[in-house]
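Okay, got some structures for you below.
Next come two complexes built around chain A: one with chain B, the other with chain C.
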Partner chain A sequence: MNSSITNLPNNLGRLELELKSLQRRKSIYTVFGIAITALIVVTGIDLANESNATPFSQGFTKIFDFPKDMLVMAWDLGFTRWWARVIEFTPDLLLTVNMALLSTFLGFVTAAILACFASQNICRNKAVVVITRRSLDLFRSFPEIVIALIFLYLIGGKSLLPAVFAIWIHTTGALGKLFSEAIENIDIKPLEGLESTGCSWISKVRFGVLPQVLPLYFSYAILRLEINVRASTILGFFGAGGIGQALSTMIQWRDGGRVVAIFFLLVTTIIALDYLSDWVRSKLIGARS
Partner chain B sequence: MFEVKSVTKDFGTVKAVNNLSFQSKQPEVIGIIGRSGAGKSTFLRIMNRMTTATDGKLLVDDKDVLALKGKAKLEWQRQCAMIFQQFNLVPRLDVLTNVILGQLNKQSVLRSSLMFFTREERHEALRLLDRFGVSHTALQRAETLSGGQQQRVAICRAMMQKPRYILADEPIASLDPLNARLVMEALQSISREENITVVCNLHTLDTARTYCDRVIGMQAGEKVFDDVSSRLSDQVAREIYGAEAEEAFESAITSTSLKSQVVRKPALAEQAVV
Partner chain C sequence: MTQSASISLHEIQHATEKKAIRHKLWFTATTLVILGYLSFSWIAFDISSLKEKWRPDRAAMFILDTYANKDHVTMQWDTLDDVTVAFEGGRRQVYTEEPEWFQTASDGGRVVSFKNGGLITFYSDEITLDWPGETEVYSFKRNAEGKPYVVGYENRIDELPEWIRQTKNKVEIRPSLFERLQVGTRRVEAHRYKVGWAYFWFDFDSPLRDVSIFKAVGLMFSSERVVPDMSNATLVRTEFLDNSLWNHGTVLFAMVETVFMALLGTMIAAGVGLPLAFMAARNIRPVWIARFLLRRTFDTLRGIDTLIWSLIFLRAFGPGLFTGIFAIAFTDIGTLGKLMSEAIENADEKQREGIQSTGASTIQQHRFGILPQILPVFISQSLYYLESNTRSAVIIGAMGAGGIGLQFLGALQTGSDFENVAYMALLVLITVIAIDSLSSRLRRALIGYERPAQ
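After this line comes the complex of A and B, so read on.
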């Protein structure tokens, strides 16, 4: 080490020393940072423990009491009667999946349209770009539940529509952002080729942009569908119908057999969707090469 | 045919094109030569209205096409087709569709968006592909074609526009000598047979001499030479190219001449291309 410093020209040698001291300072900061984080975690757990009615150690074991009860009730039913309950809730599941499908589709269309106006490389009007982007931000800044609750309140009474509307708006915001990023990353050359032929702006988007981004759009949309199935389940809790509402009722009734049946349906659906999206995405990527 | 009148383009303080004027009275192949950054590409993009000029006029039929707006501007772009160094086809669409896209200007947006092309359009595209020797690729995706094939497809798309002018921006700079020759011969025959004026940016001398009727030399945005190509002496060319002269004279690099390939030597010129 020392020899390398002596071998270096004077100014470089000084630089090397400076680098070393900088590194040393960095590692000291890191050690301090870890120590402080550890301190906060330990004192935080302690504080939470003290302020709770029942100590953490006691409450912790109770977390598993409820699922255990439910599972025991389901077990006592026997397979055939439990399976009958699975069949019983399948229409509710289909309703929830339908809600997710419809709102994802609507969101896909609006996001695809708005994304064109939110992308600087194809929309030359800066004001339009800024306004569209900010509205997309706004659309996805509210959680679905908040939008749905507002609409439920406005409509008064229980209905599917507020949930579909809420997920639609949120999906537009989320997908619109991703779509416009996809557009801003496209190769501009085909677009210029089309521009030089004197075609309209819509044709330019149709043939210069869409073929490049569509596989990515589908891949994003399928991911979003997965998220939206979960979202529409949760919205069911708030009176939007579907399997979420059934789950909420059955938990209140403490009907273990049915609760387990519903969970089974939900988990199977999510896993199936995951496999489906993997499959579609690999097809799309395969089609590319 | 057309007249360029003191066209100027400023990029900040730099004048990319400075007071450029010339006119073309009969169908011909005009080659524009000059070192990189001389303003050749900028000028072609101004002609096609992809870039706006800071000043100047381009008179066609006594009308200044640089001042056109809306539909009239699109119609002008239809009349002066453009060919690019990187071909600029839509990579994921098949070759036939790519060619038909040259006629977007004449189709209603709804019809073309749904890709309802008429039998006439398909037949014409096929005839063009056949004429330039790439009809066997009609159903392949454009991205699967070699560079030379893609450039010929791009020429088909340009011809599909039924243009009066063809602007070619370094059309052979990404091609091997054989394909470069095919493309230049295609452009030359188009000009001869269909009375279309071709304006072509080139960076090798022998190509300009072989295929162009007339050569315009540009240096730092200004016109420094304008005459029939036979009058382009080595002395003049050396002045136009300045420091890049070695590369321009080294005809083996992306040039159309097949014979001179044997005598390629300098590593310097190769680096310049990479």
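After this line comes the complex of A and C, so read on.
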């Protein structure tokens, strides 16, 4: 007691020193962060100004030229004829959405299977876990476009399948990681209960794991579906088909009415899906907790 | 008492059975729906036509080209002195010194020997093929009309082994993927494949052609100059970047451009999105109309999507980095703004109230009461978007903005430079993985734990 009182000023001094060193470290970090940010911005803008055909100041004033041109063309058509173009491209839109749906479904299935092997709590073999995880990382890292373009080249002629395949692979990687995280966070007690009955590994997964993770799985999958609709539109732009391809053609033809019709379809679909997925997810997560 | 228990037991049994039946029905219905959807997709995506569309020759060439390279031995008929050995058949890539697998036999024939012991011998009017495992030596000549044929098989083409194909103007011999002989009306060409990426570091014309990369790095520090008019370090650097076969300079610069596209796009999105998110949060801005308008702005920015934004900016800025930067920034201002405003609304009010009680200004309340709470979410989400934007930047690049995406598309469209396609795909993969691991490390360092991505 006595000694602690005599040590007090000493301790306070040490505390103050430590506080100061912390503050110093913080300001060093701040300066460092600002320096790096500034470096990136300056280099980047320099690079961009060099690489762009149109300098920034000139381009900025022209941002709305293209949308304006297209909108004026669409306006000149009148509503009924413009609406007919919207109807005209609805099948293409459905095709794109279906591409996303199929690849999300396939990705869901493969991810759900692979996730079991990527989770330490249900797969005891460490090597299998590590290998599965690394391959999921690999699937996720490939930009879809690389796979899609290569397969598009290997399949002579037009086909939707390269895009489906590319999105499938990416979805497997993305969902597989989330699914395995979900599995690793489950309550272990039902599993132990099942284990005590001596049931097989598959029934353990079926009755011990799936009921716990399925709502979360669906919630992730629906978010993924939204992302995949965007992706399949973009891949269509590179010749995979669907509304993306229609958009690319119509832009080349400078058919403003049709371009605006396609933009309209895309934006409404994406916003609708956005709200839908928000709503379904809140229901699913709500039902769970 | 006992009776009521037995009744309830009975009821439980009944209920369980009913539940099981309902379960089974659900299961059957779901399976049927899924099967129906799959068979519908089979037709809608025309999967049965895949077999006809699939080009195995392209696939084989593609795969072979990605990991192997070849030397061409070319002869015009009747000019045995003029046989050339060139890398990939390039006119500028002729070996001045003949390689050890290309020898002159005692009878004047020029012999190409293959790794499996096979021999192809060029004579001025005859080509012979001596292959291990074959009972006879095949010989190829030209007839009076100048058309090539297989000696001894003139009238029985059907009896040729399947790896020798005789057409009207050409005999094509392919014992395996790694050897090939084409006998035409004017010239004869033998291809000898070897595994690996040849001249990856320094190209064919380079003075450093036969120097390994380790040796080259060593050379950089030695004062003895390989080429008198420049230092070794400059030489190694320029020779590497100007490699005409692999275009390292262009490819690496394009990759840097793509990374910058993602980096600047995400930084702008984060820098603009965060203040906007504060304005769109219910607990910060009680005026509902401003909040409503901002929220709808976020939705619109997000809904228009990177694809459409890039098309719009492509028209305004032309091909280049700005297109990609703005396309990414505009989409993600919407995404980050929405996510952040939700995070701000979920922040604990008590800390802000505590700071308010000290008499701090509104800005100070936000800075010290709310920002520290949402900073981890903000950092982890921004880094997560940086990762996914690197992939987006590749795509926007291919649409015309430039960077590695455009280079990749260009290499693929040549239909022959598959090793370059593979090289760029690998480069993109490595970069994405590097950014992934860098950002997850940064995340851990800054906020102490890894947040699952969305």
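By our rule, the second predicted complex is superposed on the first by the 248 of 289 C-alpha atoms of A that agree within 3 Å, B and C clash if a C-alpha of one lies under 4 Å from a C-alpha of the other, contacts with A are read in each partner's own complex, and residues count from 1 in each chain.
Throughout what follows, a residue touches a chain if its C-beta (ideal position, glycine included) is under 8 Å from a C-beta of that chain, and two chains touch if they have at least 3 such contacts.
Only a predicted model underlies this, so the values are computations on that prediction, with no experimental measurement involved.
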item	value
Which superposed partner A:Glu192 touches (first chain B, second chain C, both, neither)	first
Partner chain(s) touched by A:Thr110 [first = chain B, second = chain C, both, neither]	neither
Contacts of A:Gly208 with chain B and chain C, given as first, second, both or neither	first
Which superposed partner A:Gln245 touches (first chain B, second chain C, both, neither)	neither
Chain B versus chain C, judged by how many residues of chain A each one touches	C
Touched partner set for A:Gly44, first chain B, second chain C, both or neither	second
Residues of chain C that touch chain A when the two form their complex	34, 37, 41, 44-47, 49-50, 53-55, 58-59, 62, 256-257, 260, 263-264, 267, 299-300, 302-308, 311-313, 315-323, 325, 391, 394-395, 398-399, 402, 405, 408-409, 412, 415, 421, 425, 428-429, 432-433, 436, 452-454
Residue numbers on chain B that touch chain A, as the complex places them	48, 50, 73-79, 81-82, 84, 86-93, 101-105, 109, 112-113, 154, 157, 161
In the complex with chain C, residue positions of chain A that touch it	37, 40-41, 43-45, 47-48, 51-54, 56, 59-60, 62-63, 65-67, 95, 98-99, 102, 105, 137-138, 141-146, 149-150, 153-157, 159-161, 164, 177-178, 181, 223, 230, 233-234, 237-238, 244, 247, 251, 263, 266-267, 270-271, 274
Chain B-touching residues of chain A, taken from the complex the two chains share	187, 189-190, 192-200, 202-203, 206-208, 211-212, 288
